[in-house]
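Every chain is named by a letter (A, B, C, D and E) in the order it is written, and numbering of its residues begins at 1.
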Amino acid sequence: MGKLSLLGPFSAIKFLFRKPKTLRFPFEQKETAARYRGFHLNDWDKCTGCGNCADICPNEAIIMEVHPEIKAVPENGEKNERPKLDYGRCCFCGLCVDICPPGSLSLSRDYLHIHFDPDTFVFTPRDDNADDKAFVPDEQYSILKASLSHRKRDYEGFSSDMDFALFNPDRVEMPEIPPDERKMSFIEQVTGYNQEEAVKEAQRCLECRLCEEACPAHLKISDYIKAIYDGEPAESLRIIYEDNPIPSICGRICMKHCEDACSLRLRGEALSIRWLKRYAADTIKDFKETLEQNPGSYTGKKVAVVGAGPGGLSLAYFLKLMGHDVVVFDELSGGGGIVRVGPPRYRLPEESIDKDVDYIASLGVDFRFNTRIGRDVEFEKLMSEYDAVYIGIGNTVSRSTRVENSEKCLLALDYLEQNKTDRKNIVTEKIIVIGGGNVAMDVARESLRLQNIQHTGKNTVVSMVSLEDWDELPATQEEIDEARDEGIVFNPAWGPKKVILDDFGKVKGLLCMKVKSVFDEEGKFSPTFYEGREMVIEGTMIVEAIGQGPDYSFIPKSLMEKIEFTVRRKLKVDENGMTTLPGVFAGGDIVNINMDAVTAIADAKIASEGINSWMSR
Amino acid sequence: MHIIELIFSPLLALLIGVFFLGLARKVMARIQWRYGPPVTQPLIDIIRLLSQKSASHGVAFNIGLVMSLAGSLVITLFLPFGKIAPMSNSGGMLVILYLMLIGPLGMAISSGESANPNASIGISRKLLLAMGYELPFLLVVLALMTAYNTTSITEIVSLQRDTGWSMFTFPLVLSGIAYLLILPAMLGVRPFEVVNAPQEISSGPLVEYGGPYLALATLQHALAFFIGISLFVNLMWGGAANPVIFFLKMLVVFFLGIFVNAVFPRLRIDQAIRYLWRWPSLIAFAGLILVCVTGS
Amino acid sequence: MLKQELETTFDNITIRMEKKNQLELSITKDGIMSVLSFLKNKGYDHLHVISCVDWIDDKQLELVYILSAYMKQDVPGETEQLNILLKTRIGRDDPKYITSIALFPAAEPYEREIHEMFGVDFLGHPRLTPLLLERDYDIPPFRKDFDTKQYVDDVFGSVPSVEGEDKN
Amino acid sequence: MDRNQLKKWFQNPVKMAHKYSLHVVYFCTGCGIIEIPPSITARWDAERFGIIPVATPRQASLFIIAGYVSLKTLRSIIRTYEQMPEPKFTVSLGSCPINGGMYYDSYNTIKHLEKYIPVDGMIAGCMPRPEAIFVGVTHLWTLIDKDMADGYKRYRSNYSAYRANQEKILGKLEWPPLFPIHGEE
Amino acid sequence: MRELELYYGPQHLGMVGNFSLTLQVEGDKILKASANPGYLHRGFEKLMEKRSWIKNFPMVCRINVIEPDSMEMIYSMGVEKLAGIEVPERAHFIRSIFLELARVGSHLFGLWAYANMLGFDTVAQWAMYHRDLVLDLFEELTGGRVYHIYIWPGGVRRDFPEGFKDKIVKTLHTIGGCVPDYDSTFFNNRLFYERACNVGKVSRAEAMEMGGVGQVIRATGMAYDIRKVEPYAAYDRVPWNVPTRKEGDAFSRIWIVRDEMIESVHMIFKLLDEMPEGNVYNRIPNPFKWRIPEGEAYVRCESSRGELGLYMVSDGGKEPYRAHFRTPSYSHGLTVLEKALEGANISDVGNIMMSLYVVAPEIDR
């Protein structure tokens, strides 16, 4: 404390003669800070309409408004909704920016809007480059005219920063057996989440439900993940079973369209929805006890299901819950259909398939395995004895390349099926796999494992030949990466021309041509080749895995004529899943362009409703 | 000529008073590191206030205000502004002293009618403060009258032309100092801005004034400001023959007042009275004795 | 140290110390005043706040007295600064309790607020007049069964726009 | 900015005086008030345009309603507003008076200020910066110029509706109506 | 003399914040004062029960507009204590620097208010100008002038922008360069001493009894400062002093404000020197899923007005079950103020109130 004084204060008079420090607004303006939190900007091209901003807004200032002019693409997780802001609510906290998964929302450094009409404070933000009327360049900008419809261009302020994002972009790594170890045997490649990991992963879900629209079967993904987060896998399983009765299978081999729509994938890794489903299915040891489901009260109707694949299983489950009698026929010795044959053990062990099938059987569904329609039971008999018939046979016949000497090659499904039996294929040291799809990958990777088992320590090789180039390969990227990690040799963009035989008529190699293009201008399959660029791949065993087709031989000719087909020999069905034959329903790969398990489940769900109403008509 | 002066003098006083109000805001602003309003701002305010409609609180409310303003206007007639001194011959100090009471009294009557506790507190403060500075002021005026042996302001002014400013002539030095010390109180600037004290009693007597009433009150305030400064210049700083020089002298006094205003907080009314009755009164009393002793 | 003393002095007291610097005491309804004065004599002379929690599922209101010492050296034997949460539960229907103003004059506005917001009557409190609120609410607003969103819709949502309001 | 155009001053001194002598009622109704002191002090200096806070509503012509309005404050605001001499203008700051803002579900704040007293300008922001307050004032100048700042006239002509809304929220108001309510005489 | 009932506020130049007092006066003397808060009551604690943990984060700062940062801090501390979240070391330092800047800003606001109450425009305007410079720093760092929404559970919301350290130093030097002017014009002004000395006297016993904290208790000679008593953020990493005085009147409280500001500035310099590099934010769980385990926590920090407390209860849900803010102005504005006003002069209402630094929104919440 200084000395009190009466004259000292007069020293302040000196400021009379100094320049004032006032900022003479509006003649002088102060630039707002680079991080200023003003009005919103929204890049409509990036925005997916996920609605997370509306959910996080503490003041309910954001509502999602439908814009019909935007095309919604559910498979990519894009909705035609865009946020609308009410500046009579907004508190400019910027939480919406921090939560925005695509990073399309940001706050500009504009903050001026003055009006006597409260309605003008409601505003749909756009990107500053998309709206020439509202956003004016610097030279036309006047601060006295500034409002929501007169803003500065290129004036971004507070914007998203991944280090401070409210969501977690990194998924919990799925524990995996390393390539060198797993390629030695058929041990399951991924080991599954434990509870801690599952809860941690489930916690990342933003509950925007884009995945649910992308999922063909419209599973309540958000809800079952929430249940996992809450530590209630049983509840989670219950929710899954509402739409999908084969979680153990789908939890392993689902094509996960949901993850392609997950908003987290936009600037991070998508939520592991498939693995979480698997966690729910694996954690619950006894489905029967947990789900406490009973078949519906008996209706007296009988339904025959041809094929115990994912579609057939699901249909049987849904119909059984409605109280119908269901008989499932399948030529294999167990349930699962294609998933029993196709996916290798390291991806889908039989125990998991049996777990799902057994549960469905435990509900009272009658499974007749080792029964082939057309051979053991006539199709007409089914039609006469049952109130409805569902065909879910899937694609069971592998196609061949039909190049020279291709009869010496093995076919993919046969090859895979045999591997599932005790008499596994005897493989050679050099194997060639033709094809670039997921089945080809399965074949190649199984072959690699068989080689490692049968020729341990020797120098073995599996080569793949595919028409498509790297970026066009139909197989999922995940599969390709894993296959390459395991040491499979890829020869993309090479087309097989001829199988080269040695003097004894045994396979010696494959003559290939360099591919110019696979599809023509209209997108149809018609490969063209560079003349003269040829290559010989050595191999003593060749497996063709270029696609599969259905086998309708069980349907008598008379009925076959009544069945109508659509493009690519797919069955024509109406909105209830019924074919042109009354009482015969169909679904799965023989109906869909998109051939995977979850689509078949979606079809089964529709068909179950259709059959139910058909029978009670 | 006399008539013109009669009309012109109060107008001039008003003009200068309003100008001072504007300049005060400007100077204060500069000391406070800012630009401040244009000097014409009080005029704008007055135009605006005159055009607003406001409620009256009764006849006495109006009469008191008019009385106060009229009283102040009349004073300006008796105060020489340079050579412009329409009625200074007919009255003199005593008339001014008497008229100076009318201003506060009118305000008291007027705002007393508004029945707002803040106004009544403000009025009581105003009267108390007046009581505070009247004592030393009377002593100073007595000393002056004794020294110059007259009660006429014009005479005091003209006598100073011979002897020099009375503040700096020997027997009146103490009185001059006393007058200087009470000047802020008479002008109502801080630290003696206890009457209006917006932060304490919501601008006190003015609390119920709005629109034209406030305009009149503002004019009255401007006049009071003018009168206070003008009286001091006339009595102590020798007045002036030339209105321009007189105005310049007023300006200097005005700046002194504003400086004090700028650097001090407001005092409490009891502290203000204690101060006024202590040092200025003592000095003024000493000055009076000095004048009496040396003068006779 | 303090814990043992409390345990020996008072019978039905439960003591928990799970978080750093935080001692949670629960006691039955009638024990509060004696514990408060015990703690005050021990040097815990700073009443931070009296709070109230509505445990609607238990049909109880919980009064929480939060105390600490102004200076820790005032409390012999305590090295760590300690915040004491002294809790008791009272019935939710027609809740009544006694005032602690005699011990801690600082309690006056807190009790007044609890009276207003939770409807607890503090016997012996000199002025239980409204403190913060303007309107009367059927249910004291801080109780869990007061639905503020519903209330807003009912009361403010029903105010019409002024007719003849010309937007231009 | 036509303050220095002498022609306008001669043409319509009253309007110009209203524009450049906006005296503000100093009433800290809500948190928006935090930007008023900077605006009227050295950094931004609103007094350059004749804007100063005054002690009582009777001396004022501009009422800045700064942010959310609780019920208790609403009563004071109505009282204050009615005490102001006409013509008078109101400007509201921030989100809350527009549509409830952060307190959209609070039981103790009103959501739409314009239902209770007329508002001539609403400034977006939470808080509006001093610049926004300045631009708000220029907006008000424009309205005054075009005779559109007529909130006080609307208040007069729709008084019964305003009063009904006020009483709906606050219960019976303890002061008599300012203007005769239609139909009652 | 006649006894009058005087309504002081809420519409009153002598009232900073929407608050009112009913004074029984006799002449200039106040016989009895009763505080009448509630003009700013928004029911925060109720609203918080309806909003998830993260949604409360932009909300809590609105409780006190003058220094929102300590509110953010106390909320973050409460959540961190309940949920057991660790904060990176650098974030601790940034928090401390940020809070000290806020303290300087808030004290300058207090100085504005106090000087204004005395009718001392000049110093008031200076203080407000300097506060604006501090706000510019905040704008640069957080993107908001008043509501910064910066300290959140797990750390802080953004790291320092480039060159920000230098800007802090520069601004603080600008303000510090004017300390002699403040001293000669205001703090050593004889008339300020006359006005403030022996006004609003609160003895130590009274202050302790009525829950006085902050300057109120430090002006009675007790070095009670939560930053020392129960250190949080990075306050125990650097040495600093708690300024105290003995008298317990308005004068000593304002002087403590001054000394604290200077101490804060020095502390900021020390913190800037010792600030480590590294991460400033440990990611909190996804806000839509975030649950905090059952439990309760009482946390406290030192705001510019004194001790600030938060009692928070979680029932394991997505929202706080109950939150109760113990704000310094609550006891200062309701109990201490009423006591200090008894027998005071009516001119001193604003003087006493602002020397206690009563902030109305904090009382009402």
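Definition applied: a contact is a pair of C-beta atoms (placed from the backbone, for glycine too) under 8 Å apart; a residue touches a chain by one contact, two chains touch by 3 or more.
Note that the structure is predicted; figures quoted are calculated from it, not measured.
Considering the contact criterion stated above, the chains in touch with chain A and with chain B alike are D, E.
Listed by label, the chains touching chain B and chain D alike are A, E. The chain pair with more C-beta contacts between its two chains, of C-E and A-E, is A-E. The chain closest to the protein's centre is E, with centres computed as averages of CA atoms. Taking each chain's centre as the average of its CA atoms, chain A and chain E sit 53 Å apart. For this pair, chain D with chain E, the centres built from the Cα atoms lie 29 Å apart. Averaging Cα coordinates per chain places chain B and chain E 43 Å apart. Per-chain CA centroids place chain C at a distance of 39 Å from chain D. Residue positions 29, 31-35, 198, 202-203, 262-264 of chain B each touch two or more of the other chains. Of all residues in chain C, those touching 2 or more other chains are 132-134, 141, 146, 148-149, listed in ascending order. Multi-chain contact residues, meaning those touching two or more other chains, occur in chain D at positions 41-45, 48, 54-57, 70, 72, 100, 102, 104-108, 112, 114, 126, 129.
Within the complex, the chain E residues that touch chain B are 4-6, 12-14, 25, 27-28, 115-122, 125-126, 129, 185, 189, 191-192, 194-195, 345-350. Those residues of chain E that touch chain A in the complex are listed here as 51, 54-59, 62, 122, 129, 136, 139-144, 147, 149, 157-158, 161, 181, 183-191, 193, 255, 281, 283-289.
Every residue of chain D that touches chain A in the complex is listed here, in rising order: 1, 42-45, 48, 95, 98-102, 104, 112, 114, 119-126, 128-132, 134-136, 138-139, 143, 148. Partner chain A is touched in their complex by these residues of chain B: 27, 29-35, 259, 262-264.
Within the complex, the chain A residues that touch chain B are 9-10, 12-13, 15-16, 18, 20-22, 24.
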